[in-house]
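Both complexes below contain subunit A, partnered by subunit B and then by subunit C.
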Partner chain A sequence: MTAVAERTEPRQAARTGAWVVYRWELIKLTRQVKAQVVVGLCVLAPFLFVAALNAQSNVPQDTLFGRWVHDSGFSIPLVVLGFAGQWALPAVTSVVAGDIFACEDRYGTWKTILTRSCGRSQIFTGKTFAAITFSVVTTVLLALSSLAAGVLLVGRQPLIGLSGTLLTPGHSAVLVLTSWATVLLPVLGFTGLGLLLSVASRSSAVGVGAPVVIGLVMQLASLVNAPSAVRMLLLTTPFGAWHGLFTVRPFYGPLVQGAIVSLVYFVLCVGGAYALLRRRDITGS
Partner chain B sequence: MRWGAMRRGTTAAVVAVLLGTSGCGSSGVTKDRLNHAVAPTFANLYVLQQSLRGRKVGAASLNSKADCARGDAQAADSGAGNDWMCTVTWFNTGPDIAVTASYQVHVQTNGCYTADGDGPADLNGQQMLTATDGATVTNPLWQFDGCFDTT
Partner chain C sequence: MDNPSQPAIEARDLVKRFEDTTALAGVDLRVGPGRVHGMVGPNGAGKTTLLTMLMGLVRPDAGSIRVFGRTREENGLEGVAGFVESPRFYPYLSGRRNLALLADLDGGDAAARIDESLELAGLTDHAGARVGGYSVGMRQRLGIAAALLRDPRLLILDEPASGLDPAGTRDMRALIARLAGEGVTILLSSHDMDEVEDLCDDITIMRAGQVVFDGSMEELRDKAPDPAFRLSTSDDEKALTVAGPGMTVTPDDGGLLVHAQRDQLDAYVIALGRADVAVRRLDLEASALKALFFRLTESGAEDRATGPEVGT
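Up next is the complex of A and B:
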């Protein structure tokens, strides 16, 4: 009995330790100006975008559903999703993920936090979940805000799908929210990339900037007709996997591929970040 | 040291996979897939355009077919590019009278395409059209987007 009690006790302590770190990181995030700015932009930007569109007769034809921005409000969140997947979502997620470990290097606070009652794995778990929470919250906010902007400022007209048929407002809303839900996985992949670069480089500039640059390079690679095997392995491809939902006979192949690729990126990056942090010599640095 | 070795190993493995698959990994954009995506999409949008003009038709009765090819006669009819040309044929008033329309099509690597109307002018030459109720609305056949599965 005592042996069991002894074994469960530190495990419970570890769990509470990670929970304390997580809560603390979230409190820090709500006080950070850059996090506040990003959240504010996610809420406001879609409304400004629609206001700018409504002020002119031109339409963003280059983007899917861009032709219908004046005809159906449900096209707005899809146009925003098309833009966001190109660079905005990787940038938004790495603002926090790329800095959350590197900031301890910048302030020289590793020794301080590790000599408290928290171990490295607890700090890693807490900080990782805080970065994930921020990514999910900002993506959800951007989705809801762009849907609200479309419905409120353009209207609830039926949307023309990618097979030329009219989709009812209810069906359109469900498909829009599903599409946004599917990009959560590549967003988490970029969160993992930000975390890894944050730990490996110990520099916020690299942690925040490099995922955006990597995202743009991947975007470029898929534009210049890279072989399909290469395109499949890019973390930017899953951002466009929702297209198949809008045809008469929906296809899910790109979604399944994208989910697997995103999860592999996430697991490799977070695993790599954890291994690097475990091995780092903090007392010597 | 172990980390360096592991990283080199991972890089080598990724490069090997890429080289191994890129040779046979041709683009998933084919003539057949594009034909089967453009024809029904055109039919659905034609029904929509005709209803805006106050005429009722059914998409199935049009029996639409598309024949797409790349502009360069030497090149194979596959792969992404903006030089695809599609001719859509459908039956309008009776089974014997076939009507055609042309589209310049830009196909992207992910299987999404944009078709730009290239005649006849009264069908797909104008961005806006006047509906039966007098409102000026976007002509669904002027340009349209669609996607097909390339996996």
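Up next is the complex of A and C:
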């Protein structure tokens, strides 16, 4: 009994340490203007977008569901999702993920926190979960806000699916929320990329900016008719995997592929970031 | 349970290279329990690398470190606190909030010591202000408060008086003396030989990644050469001829550099007057300890003057 207690104690202490780091990272985020601005934009931007659309007769026809923005409020979160997947979600996630480790270099606080009773693995775990939390919360906020903006400012009219069939408001709402849920995994992939760049570059500018640039390059690669095997491996491809949900006979293959690709990106990036942080000598002020 | 006679720090043959620069080339360091141990050396001597290594921030390429008999893997930072280079904090949080964060990372009853630590560091009145608005001296005080939160048995301080005004420096020295009186082992890195001389029992002098002296302050004083004085006269050439036995007078930087004991210096000044040479200026260039420091850290490696190991 005692031996078991002795074995489990360090593991429990490690979990407690990671939880403390996680809690403090969230407290620090609530104090940072950039995080407040991003959360505010996620809530307000969809309403401003709909207000701008309502002020004109033109519609974003080139975007999926763009031609229905005046006819069904459920098209709004899907149009927003289409735009967000191109650059906004990588940008939103990397604001925190790309900075959460690099900011310790910027403030010179690695020496302050690594000389306390928390180990590097606990600090890494707490910070990683804080970045994931921020990415998930902002994505959920953007989803709910764009759905609310569509329903409140346009209405709960039925949505026309990609096969031309009419979807009831209830069914449309479920499909909209499911579509947004499917982008959580590529969002996690970009979060992992931001974390890796944050640790490797020790620069907030690189950590925040590079994932957006990488996302845009991947978009470009998919637009110039890259081979399908290459397109399948791009982290931006899963952002469009939800299209298959809106056909009469939904197809889930892209969703499964996208989930696997996103998880591989996440695991490789986070694993790489952890290995780098574990090995790093903390020098300089 | 720690052995009370166990050294607080026992580092052996530490080596650290950064690319093609050797920061530490086989350094040994032994700090006895309850001692105030000074560490001095010119910039680039390897002091900061050694301190960061002791605090677990940098891994040695070779050698071993034990703190209170434990390696880093054996929870070697327990009971250890301090800072290397200037202490840094989150600028958008208040001083108190920063300490609360660090206390949570430490766990235990560290949070209960926040008020006491702030008071000891003389920062109670500014605890609610954001650290971004702190002066260098206030951040230094917050660094001390953060260290005290851990109720340390070993305090590692790198230039603790840096950025402090004279009153702050006085308070800092008093605090260090008080903690030492309470049995806390202190490793103090400083450029100020007067500070080290006032506070420390033992001293390690480093140069170019090596220890060039390691021993007690008494042993260092025994090795100290004559103090150096800078002299300006009405006729330096004639003054050179008046120098008495046992002292050295050399032309230096438009004046004269005199190495002599006080009584020899008195006799020399009187002799200059008798020789019709007016003394226009006479300043202490370096105390005996400073003179030894310069000799050890500026001369060739053959002058290595390692004293007996501390504690032997």
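List of remarks:
Operating definition for what follows: the second predicted complex is superposed on the first by the 280 of 285 C-alpha atoms of A that agree within 3 Å, B and C clash if a C-alpha of one lies under 4 Å from a C-alpha of the other, contacts with A are read in each partner's own complex, and residues count from 1 in each chain.
Keep in mind that, in the parts below, a contact is a pair of C-beta atoms (placed from the backbone, for glycine too) under 8 Å apart; a residue touches a chain by one contact, two chains touch by 3 or more.
The structure presented is a predicted model; accordingly, all values stated were derived computationally and were not measured.
Partners subunit B and subunit C fit side by side in the overlay (superposition on subunit A).
By the touch criterion defined above, A:His243 lies against subunit B but remains apart from subunit C after alignment on the C-alpha atoms of chain A. Angle at subunit A (Cα centre) between the Cα centres of subunit B and subunit C in the superposed arrangement: 150°, in steps of 10. When the two complexes are overlaid on their common chain A, residue A:Ser222 makes contact with subunit B while staying clear of subunit C.
When the two structures are aligned on the shared chain, A:Trp68 is found in touch with subunit B, with no touch to subunit C. Of the two partner chains, subunit C is the only one that A:Ser117 touches; subunit B does not reach it. Once the two complexes are overlaid on the shared chain, A:Ala148 sits clear of subunit B and of subunit C alike. When the two complexes are superposed, the chain touching more residues of subunit A, out of subunit B and subunit C, is B. Minimum C-alpha separation, subunit B to subunit C, in the superposed model: 12 Å.
Within the complex, the subunit A residues that touch subunit B are 61, 64-65, 67-68, 70-71, 160, 162-166, 222-223, 225-231, 233, 237, 240, 243-244, 246-248, 251, 253-254, 257, 279. Partner subunit C is touched in their complex by these residues of subunit A: 13, 16-17, 20-21, 23-24, 27-28, 31-32, 107-118, 281-285. Those residues of subunit C lying in contact with subunit A across their complex are 18, 49, 52, 55-59, 77-78, 80-93, 101-102, 104-108, 146, 150. Those residues of subunit B that touch subunit A in the complex are listed here as 3, 17-18, 21-22, 25-28, 40-45, 48, 79-80, 109-112, 114, 137-138, 140, 143-151.
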